[in-house]
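Two complexes come next, and they have one chain in common, subunit A, joined by subunit B in the first and subunit C in the second.
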Partner chain A sequence: MEYGFDIAYVYKYVPKLLSTLDLTLLIVAGAIGTGLIIGLLVALPRLYHVPVLRQLSQVYVSFFRGTPVLIQLFLFYYGLPEILKLIYIDVTKVPVLYFVILTLGLHAGAFISETIRGAVIAVNRGQVEAAYAVGMTGYQAFTRIILPQALAIAVPVFSNLVIAMLKETSLAFTLGVMEMTGKAQSLGALSQHFLETYLSLAIIYLIISILLERILLVVERRLQRHMRRDTPNRNWLGIRRWLPLRRLTQELNLDKKEVPHYEA
Partner chain B sequence: MIKLRGIRKSFGRQEVLQGIDLTVEKGEVVAILGPSGSGKTTLLRCINYLEKPSDGTIHISDFSLDCKHAGKKEIHALRQRSAMVFQQYNLFNHKTALENVMEGLVIVKKLSKDEARKRGIQLLEKVGLGAKLDSYPSQLSGGQQQRVGIARALALEPEVILFDEPTSALDPELVGEVLAVIRRIAKEGITMIIVTHEMGFAQDVANHVVFMDGGVIVEEGPPSELFVNPKEERTKQFLKRYTPEFSYSI
Partner chain C sequence: MKLDPSFIWTAFVKLLSAIPTTLEITFVSVFCGLIIGTITALARIYRIPVLAQLSSGYVTFIRGTPMLTHLLLIYFSLPMLIDGLSSEFGLGWNSARIPMIAFAFVSFSITAGAYMSEVVRSGLYAVDRGQMEAALSVGMTTPQALRRVVFPQAFAASLPNLSNSLIGMLHGSTLAFTVSVVDLNAKAQIVASTNWKFFEAYLAAALIFWGLTLLIERITAFVERRINVYNRGGVA
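Then we have the complex of A and B:
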């Protein structure tokens, strides 16, 4: 069979691949959600110097940062059932998807815990002192004063992790999960137009990444609103309204006629 | 009334507080003076346990705490009896001026939000910031931030307000507005302990002045005595640098 690049396949495959987007996003959401909970739990013993737990969390972070995700997926998918068998728990009927979410969640958790730890350390020591001086307990000081500020510091790094996670979901196909990359594999195999399939796949990943980036930027602005000195123009998904045009309309006295304007 | 007895504190081998005894009557304004490294800030921070004293007892009105056997609960109880104004303001950065004042009222004093808001607005107006309720600390000048800090401390209605060099981080033009606020609340009979380098202010506002050096109280007394007629050689030497032979004011 003669092979020729056919752009039509790219258009044709985009919607087909999008049909599995929900699964990809489910993995991202599940893994990041798990990662956030684990990350926070793992960061705490190191921040508060809890003896044994601190060493354990260090081992955990080292392992998940120091080994490839692909290997982690294999180890968990093939290894975990064997270990659990020893204590008579049968997980062979558990869908692969759960293994994928758990493994990616643990992977994300390692990075998120380091992000949180760094951000908490970055919050000025004076903030805790002020909280104590006001009469707060350690718990109140952490949840009401430290954590909100640490989150604002952590969002940019966290955004990176979310986007990296989106791309790492593509590894789930190696365990036979039919998410976007898995779907692309089978579409390509069917038509032998691999190049077109992967091109449409790349386009989808890129667009989703950009959308995620925009959404996370809005979250970042929201969490960091106390760091700005001015009151910024309102913008939607980071798209700033065109300032020169606004000035022009003002100079032309257009707003005398009660033109609705959307000042924040 | 606040009574400190035998307060000691060491950092490593160096003993920065060597047994401090200090009594502050209710409604009194006490100024603590001394060169840097004399232990005055450490002493202040020991009173609300931001620094853990290694020995001694702290009494605030009916509550007393033995520093050697203080548990979490007692430390928490001690802290609720005082409030602090910091050199670096330390306002909660992610909260507006009003929220900064409300925070302690809602979380610690368990007031309803409406009550806290009312009280917060009232106090911010008192320190001259009625127009800045919704500004974040980053949008305020140093002087304004420190006045929010004072309002936050006042809101808690503590037995004593501790001021840790409240004007040292301000540029000279802003010092006045903060001192004016402190002076005003001093007249209301709130007990205050102020660590400061503003000699003129201390002389003017304080009822009692304490001079510290090398981790001990060298001399204390009413400002009229300590400033005009210091007994100890070290006090004289220190004050000479601040109060020149002749004054330039008109």
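Then we have the complex of A and C:
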């Protein structure tokens, strides 16, 4: 295995690997989308204390948080067809990609349900009581009052989950999905320049995760705009920090805005 | 191919022999990671000129890339480095003599180090500034104050995060199969493919991992109760 390190391969492989980026991002989006739906469904029984479903969702969360993703991938890839065969559903022709998205979605769902639960619990109980007091139904109170506030609390944790999911997609290659890591392996095997290939792979992952972090930070700021910080806008020297004009005008107009207008 | 529930137990027994390898990888990487993490966290907290920037670059890079790429990068770069050094200085080293598990140790330690760095940093920030000042004012040196006053409290504060990282590394150790270390996952693969019973073997592996995770959670909860004794309110 005598070969020199050649930096030219790193530049050469970045565009080649980027051609499979859409597949990686598709897995991330699919898994997070599935996870959001599952997470919400799993969190609800625990939030509303539904007897049997609550224990079931506890076991589900414990299992998916207590086993490695890799094992889950193998388990579902090999196990799901066999279980579905018992009820005469043939899934042997289904592409591997769907198994990957489903498994990662179930994995993400466990973490997302915990995030949702934590965020909803973190919303002040007085909020929901106030919502009931003005005559909202349970559904209205949840969607109009609790959800927007819980979302703002959950988003930082959620963005961590998205970035973790991006990194977990690299495991899809073990089932033979040609996403970025799989592509990198075949490129490396072709040229025998493994180190350069994986270096460009790492650089792409790094850039994507930094980009994702930035985007999610913007979302976070936007969702948290209703949360005014209670701490005075002073640093430790006691000098008032520069305030953006928009925030300043917002603060000045605050008393005007907060007069509620109820229309019958 | 039919479901064979009794094979789950057979596989379970066969897999038990691979638990020590998995635990070894986990604990070695977490322990080395803790050392790396503490050094990088201190460098960043004390803003030591070059080291602080290097540390944050290291943490950003490692946390922004998958664990698998670290393992593969180490797996392909370490032999080159060692062979290069050995031919340069005539040390007579040979990369072929490195056991496979060493690659897992090195790469997972580097991975764990970056995550630990954040854990240690947040733990140290959780300790009240007055504690350090009080320790210095009674005449302790900075290392003494860190060791006797700050670190124990930081440890208590970061215990939940530490346990999460430990579980993360336990689950991450399954990647070691890519460099042909026979850990739990690799053993499950072997048992599965020799008996052609994939689902049962992986189910057994999943159950073992689940058990280990719950065990770590229990132990942490116990240690947390013990270690936070100093922190409780009341008089007795």
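One rule holds in what follows: the second predicted complex is superposed on the first by the 226 of 264 C-alpha atoms of A that agree within 3 Å, B and C clash if a C-alpha of one lies under 4 Å from a C-alpha of the other, contacts with A are read in each partner's own complex, and residues count from 1 in each chain.
Simple rule for what comes next: a residue touches a chain if its C-beta (ideal position, glycine included) is under 8 Å from a C-beta of that chain, and two chains touch if they have at least 3 such contacts.
Small disclaimer: the values here were computed from a predicted structure and weren't measured.
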Exercise. Superposed on subunit A, are subunit B and subunit C clashing or fitting side by side?
Worked result: fit
For this session: State whether A:I121 touches subunit B only (first), subunit C only (second), both chains, or neither.
Result: neither
For this session: For A:V134, select first, second, both or neither according to whether it touches subunit B, subunit C, the two together, or no partner.
Result: first
For this session: Using the touch definition from the top, say if A:T67 reaches subunit B (first), subunit C (second), both or neither.
Result: second
Exercise. Which of the two partners, first being subunit B and second being subunit C, lies in contact with A:P148: first, second, both, or neither?
Worked result: first
Exercise. In the superposed arrangement, which partner chain does A:L75 touch: subunit B (first), subunit C (second), both, or neither?
Worked result: second
Exercise. Looking at subunit A, does subunit B or subunit C touch a larger number of its residues?
Worked result: C
For this session: For the combined overlay, can you note the least CA distance between subunit B and subunit C, rounded to whole Å?
Result: 25
Seminar exercise, completed: Dual-contact residues of subunit A (subunit B, subunit C) none
Problem set entry | subunit B to subunit A touching residues, read off their complex | 48-50, 76, 79-80, 82-84, 86, 88, 90-95, 103-104, 107-109, 136-139, 152, 156
Seminar exercise, completed: Note: in the complex, subunit A contacts subunit B through residues 124, 126-127, 129-137, 140, 144-145, 148-149, 152, 225-229
For this session: Could you please specify the touching residues of subunit C with respect to subunit A in the complex?
Result: 1-3, 60-61, 63-70, 72-73, 76-77, 79-80, 167, 170-175, 185, 188-189, 192, 198-199, 202-203, 205-206, 209-210, 213-214
Exercise. Which of the residues in subunit A end up touching subunit C in this complex?
Worked result: 1, 5, 62-63, 65-72, 74-75, 78-79, 82-83, 86, 163, 166-168, 170-171, 181, 194-195, 198-199, 201-202, 205-206, 209-210
